[in-house]
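Down below are the structures I want you to see.
Two complexes come next, and they have one chain in common, chain A, joined by chain B in the first and chain C in the second.
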Partner chain A sequence: MRLLGESHKYHLDEYAQHKSQLPGRRLQWLTALREDAIKRFVALGFPTPRDEGWKYTNVAPIEKKRFTLPTIRAASAFDASIVAGLALPGTSMLVFVDGRHVPELSSLRPLPVGAAVSSVAAMLETQPEEVEAAMTRATPRASTFTALNTAWMSDGLFVALEAGVELVEPIHVLYLATTPDTATHTRNIIVAGPNSRAAIIEQHAALTDAAYFTNVVTDITIKRGARIEHHKVQDEGRAAFHIAAVTADVARDGHFVSGSHAFGGVLARVGINVALNGEGAQCTLDGLYMPNSRQHIDHHTRIDHNQPRGTSRELYKGVMAGAGHGVFNGKIVVQPNAQRSDAEQTNRNLLLSDNAEVDTRPQLEIWADDVKCSHGATVGQLDVDQIFYLRSRGVDDASARALLTYGFAAEMAERVSFAALRDRIDALIRARLPQPLEKLA
Partner chain B sequence: MGSPTFNLDEFIGQKYRQGFFTPLESDTVPHGLDENVIRLISEKKGEPAFMLDWRLQAYRHWLTMTEPKWSSVKYPPIDYQAISYYSAPKSKKVGPRSLDEVDPELLRTYEKLGVPLAEREMLAGVAVDAVFDSVSVATTFKAKLAELGIIFSSFSDAVKEYPELVQKYLGSVVPYTDNYFACLNSAVFSDGSFCYIPPGVRCPMELSTYFRINARNTGQFERTLIIADKGAYVSYLEGCTAPMRDENQLHAAVVELIALEDAQIKYSTVQNWYPGDKNGKGGIYNFVTKRGECRGDNARISWTQVETGSAITWKYPSVVLRGDNSIGEFYSVALTNNHQQADTGTKMIHLGKNTRSTILSKGISAGHGHNAYRGLVKVAKSAVNARNYTQCDSLLLGDQCAAHTFPYIEVKNPGAQIEHEATTSRIGEDQLFYCQSRGLSAEDAVAMIVNGFCKEVFKELPMEFAVEAQKLLGISLEGSVG
Partner chain C sequence: MNTLLEIRNLHAGVDDGAAVRPILRGLDLTVRAGEVHAVMGPNGSGKSTLAYVLAGRDRYTVTSGEILYDGHSLLDIAPEERARAGVFLAFQYPVEIPGVSNIYLLKAAVNAARKHRGEEELDAMDFLALVRDKLTTMGMDEALLYRPVNQGFSGGEKKRNEILQMALLEPRLAILDETDSGLDIDALRTVADGIQAMRRSDRGIVLITHYQRLLDYVIPDHIHVLAQGRIALSGGPELARELERRGYAWVENGAPAEKSLPSGAAPAGRTATSTPSGE
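The block that comes next holds the complex of A and B.
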């Protein structure tokens, strides 16, 4: 048992003081869950670099800050044009401001029968049992931040698809942070029935440059033969702290596609845990991180091949500029009975400046023999031959570097099938280049 | 091919019996560890004051440390107070009296390796009274080395004869504060080898523990210190392909290599200690700290290891690339069969400019064996133009074994170029079928494929070692295929 630190006391006091404002306070199971979670949080404490999983990411700044719960503001207090500017055409959009769903800003397009798309807070009012199943599952082995999330959970996206339901249009969830020094804890729950299909875009953006803390948990259940795409576009404010945990439970012949595109925040950490729990389950994990100035962006992925014939493909790319610090930790575990598993993992990093840093740790843990598993990791810089080639064609040095950097990163945008999202990611990549590309493109 | 080596093998045990064994037979300190035991060890060895101080400092630091638990190896807790830290080698009464009493499995292995009969007794720990005459040969070698100014002696002798060299370099690569086991070793190390190659000298022969007096039973806390002065070259061989009988379960050795400007050290290990029986009972815990430092510019250190023995192998031979243009290399084959566990790999710490490192690791898991590669490639801010290439391949034989890969890559310099590749696979049915259709037995076919898998590492071994290593691999894999 650790000594109860200042920050723990702070969180306990805050919780005692504010628990009556949290949604679902009349639900006994939820209150019990929240109480257990805050106890678990105190027992675990904040991770430190001495913990193997947090070796390269120091969350002390989050621990030191005294974030408060954001107050609920009326929808009229927001400029709707900002939301419109962030909207993606051809999607149903749910907007959450400071961790609360704002129906006035959201726009749901017609949904097929058998599809439920709502907010978690609304579900707690109408059909709490749907939320209960998903929330209780994650609790027992929760990490510090997931425990905090459970204790404080304010809202989130809720999607449930019945068997065979296919959402043609993606669902776009926009999380907007507007208030400095606040912490938001949101949870997305996605349950895809057998052979259903959907794509979900989770975007984080901010209207403030001051520090705030986003702690988001996404829980995805993919039943037999279903396919879920989950794209995260993390474009938080410059001083934001962003901690995210994505878990996906994939049943037989199910397919989970994940994209994590990380651009914002001063300290961001995304954990993605995929369990291939049925025969022939698949997952595709893509990721791009582009830290610059003093940003720190960390991705931790873990894929468990728990059943035979599973396939996993993972490609993560990083571009580190300024004093940016990128971290990639990818683990693939093949359990003893998961014969004929096929896993491939690649991590490529581009270091653009003297003060940039990257730490990469691709890991394989194989307990079965009839498997095909490989991983590769590279760290390097732009190819001098390619720069020379461009220069010999009359492109100046800075433009040549920008173009090659763009080419390296844009591959991740190109892999996105939904055009509007692809363009959005492409724009974010261009905005991060050391020099604009207009002249060439 | 193997015979010259085996002949040389004969000297060792003999010399040691004469020089060390008999007089110390009564010197056994009771179990347990405290400052008095350390003072006693130091006194018995007739060490200068600085050595005792160093040991005591290490011991005091050790008391503040806790045993590390992060590795992937599992073993019951070790009772450090149950170990006798200064025991004379086991007396005749303890060992088997003749080969008839030795485990027939062990004998069969000797036969396969082609170990001469007389030597088998020595290796199996049989207390033989017959004396082979070997003194003369060993002396010849010593004279030849002395002529070139090369110092090659036991650690105990070096402490007495060259205290200034020992004091200068001891603990300069692996300080006693380094880790739990290295710290314990620093406090209680029994003996080991010391080697110094003077500037510009190329050591004319492969230095080996084979040649050394007092080579065997240096105990469980061995310490090796090798210094290659400016422009010197040495190739050092450690270990033995034949399985050695050993009473000590825990082995916590420390090896320090120092290569000054333009110097080169090549360190090869074949480790085949008792791995325990088929059910995982017994066997050695081999927890070793090995590290080399390229202290001068253009220095080069290469580690080659073939690890087939021990119940648990837990070590990371590392290179600190401090000098500009220095090179670090790590070539490893680690085989785990039955219930063996291995957590091994390397650390390449790039500090100097234009430093290069190569890592080639081949892990083979069979039976219930667990094999983990754990490595670190670190490029500091000062290491402009650093290069690293890492390849870790794992081969799985059987559905109860496991293979893990845990590489760490930390880069703080944009000029670095780092590549890491790893694969895990098993021997294909088609490969086996092809070999068998050409008349090879299933076992020979596996041995052949595994040897092919390890070829890149074996070619880094000195010739006679390489030949033995191949045979060894075949034997260690026996019974792992249907």
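The block that comes next holds the complex of A and C.
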């Protein structure tokens, strides 16, 4: 039994004081979930580097901070042109400011019959049973941050697709942080019925350079033959803390495509857990992290091959500059009956400075005998032969380095099929290069 | 004809961090505008070192001697500045650059040189028109423009790509390091035609080669044989055949008493007259 630390007392007191402001407060099942979660949070405590899974990422700075619940701002107090600048053409857009959906800033395009796209808070008002089904189905995870998220959940994206429904246009969810020293806990719920398809872009951006805390949980259920793409664009403020947990439960012949593109924040951790729970289920996990100055960006992924003939493909790339620190921990577990599983994992890292650091840890746990599994991790620097080749063509040293860095990272943008998102990620990569590169018209 | 490149008593080698391992030991070479020089020699004689030293590669260190380009010392000049000033090296092993498209590099290279000369940078349309024209000459597929630099290119495609870059950059001094190696006979002819088309009265070309066969297509004005880090023998184009016949051991063993082959010793062969074209 842990002693109740000061930070726990703080969270308990805060919760007791503010729980009446949380959405769905009249729903008994939700209140019970929240009460349960805050107890679980206290029991678990914040992880420390002694905990398996948090060896390289110290969340003590989050624990020490006294974040408060953001106050709800009127949409009119908000400059809509900022949102317009972040919009992606050809998408339905839902905007959340400090963790609350702002319908006035959002723009939903016509949706096919059988598609529900809304905010979790709105669903709790109109169809709480839908949210209840999704939230209670998810097995309680032994994670401090998920527990905190459940206790404090303010809002989030809700998507439910009936069988065979296909969203041609992606859904763009923009989470904007505007208020220093606040914590937002949002929950995205995506339920894809059999043979349905959709792409969801979850972008995190900020209007403040001060510290704040984003704690986001995304639960994705992919039923038989369905395909969900989930792209995270993490462009938080420079002093932000960002903790994200993505879980995907993939049924027979379903396909989960995940992209995690991490640029912002001072301390960021993304956990992605995929369970291939049906025969022939697939997942594709792409990731890019580019920490510089004193940023710390951690990705922990876990793929469970629970049934036969599952396929997983994972490619993560990291570019560490300044005193940036990247972490990649990728675990693949093949259960005994998951015969003929096919798993490939690659992690490639580029260190641009002497002070930059990366920890890469691929882990394979294979309990079946008829499987194809491969993994590889590399850590390297820019290639001197390549630099000389470019310089011998008149490209100066700094531009050659920027160009090679771009070439390394841009592969992850190129793999994105939706052009507007690809361009956005490309622009974020370019913005992080040590030297601006001319765009090829 | 004015002197484009003058190398005087060059001593150079590779710096391994502790010391410079000497490779070139007193090399002299003068290239005038309009001339094509072939530098031949056995493996390990210092041919590639000469190419790298001229292009300014890191760790290829000059310990004494001089390299004058257009009357100015090239020593202490960054590789990119040499390139912009018109020095071009075609690599023996062109480097693959994943993630950087060929056309991006070509445009960056052309515009860096134009900027250096005080000319306006080419826009995308003008550049594409220019590059298409040169592609046709080199018998290259336009698709190669949009692939990452040299990545997945065949040996022949890589060498053609080097010549394409040379054609676009229009250097004043081109150093071609074993551009003929690894080419089949058709690719060799295309590459040779590409080089031949570059001959001009205001341009100097140095062909570094191990074999004589390229010199059947691009007939040089002068041939030099490099042995043990210096020019052991110089002569006219007929020297190539003599070397082919006798082998490099002939030079390495110090057979020709004179540094220059007496004209009477030249084997009866074709009388080569180089005709600068493209004027």
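Rule of thumb we're sticking to: the second predicted complex is superposed on the first by the 436 of 441 C-alpha atoms of A that agree within 3 Å, B and C clash if a C-alpha of one lies under 4 Å from a C-alpha of the other, contacts with A are read in each partner's own complex, and residues count from 1 in each chain.
Criterion: a contact is a pair of C-beta atoms (placed from the backbone, for glycine too) under 8 Å apart; a residue touches a chain by one contact, two chains touch by 3 or more.
These numbers were taken from a predicted model, which means no experiment stands behind them.
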Inset, instruction - Could you classify chain B and chain C on chain A, in the superposed arrangement, as clash or fit? - result: fit
Inset, instruction - Give one of first, second, both or neither to describe whether A:Gln339 is in contact with chain B, with chain C, with both, or with none. - result: first
Inset, instruction - For A:Glu365, select first, second, both or neither according to whether it touches chain B, chain C, the two together, or no partner. - result: first
Inset, instruction - For A:Glu52, select first, second, both or neither according to whether it touches chain B, chain C, the two together, or no partner. - result: first
Legend entry - Partner chain in contact with A:Val379 - chain B first, chain C second, else both or neither: first
Inset, instruction - For A:Glu357, select first, second, both or neither according to whether it touches chain B, chain C, the two together, or no partner. - result: first
Inset, instruction - State whether A:Arg73 touches chain B only (first), chain C only (second), both chains, or neither. - result: neither
Inset, instruction - Would you sort A:Arg432 into first (chain B), second (chain C), both or neither based on which partner it touches? - result: neither
Inset, instruction - Would you check which partner chain A:Arg415 touches, where first means chain B only, second means chain C only, and both and neither mean what they say? - result: neither
Legend entry - Chain touching more of chain A, residue-wise (chain B, chain C): B
Legend entry - Least Cα gap, in Å, left between chain B and chain C after the two complexes are fitted on chain A: 12
Inset, instruction - Provide the residue numbers of chain C that touch chain A in the complex, in ascending order. - result: 55-58, 78-80, 82-84, 88-89, 91, 94-95, 97-101, 103-105, 107-109, 112-113, 116, 123-124, 148, 165, 169
Inset, instruction - Please name which positions on chain B make contact with chain A in the complex. - result: 70, 379, 381, 394, 396-426
Legend entry - Contacting residues of chain A [partner chain C, same complex]: 383-386, 388-397, 399-400, 403-404, 406-411, 438, 440-441
Legend entry - Of chain A, residues touching chain B in the complex: 52, 56, 336, 339, 349, 351-354, 356-381
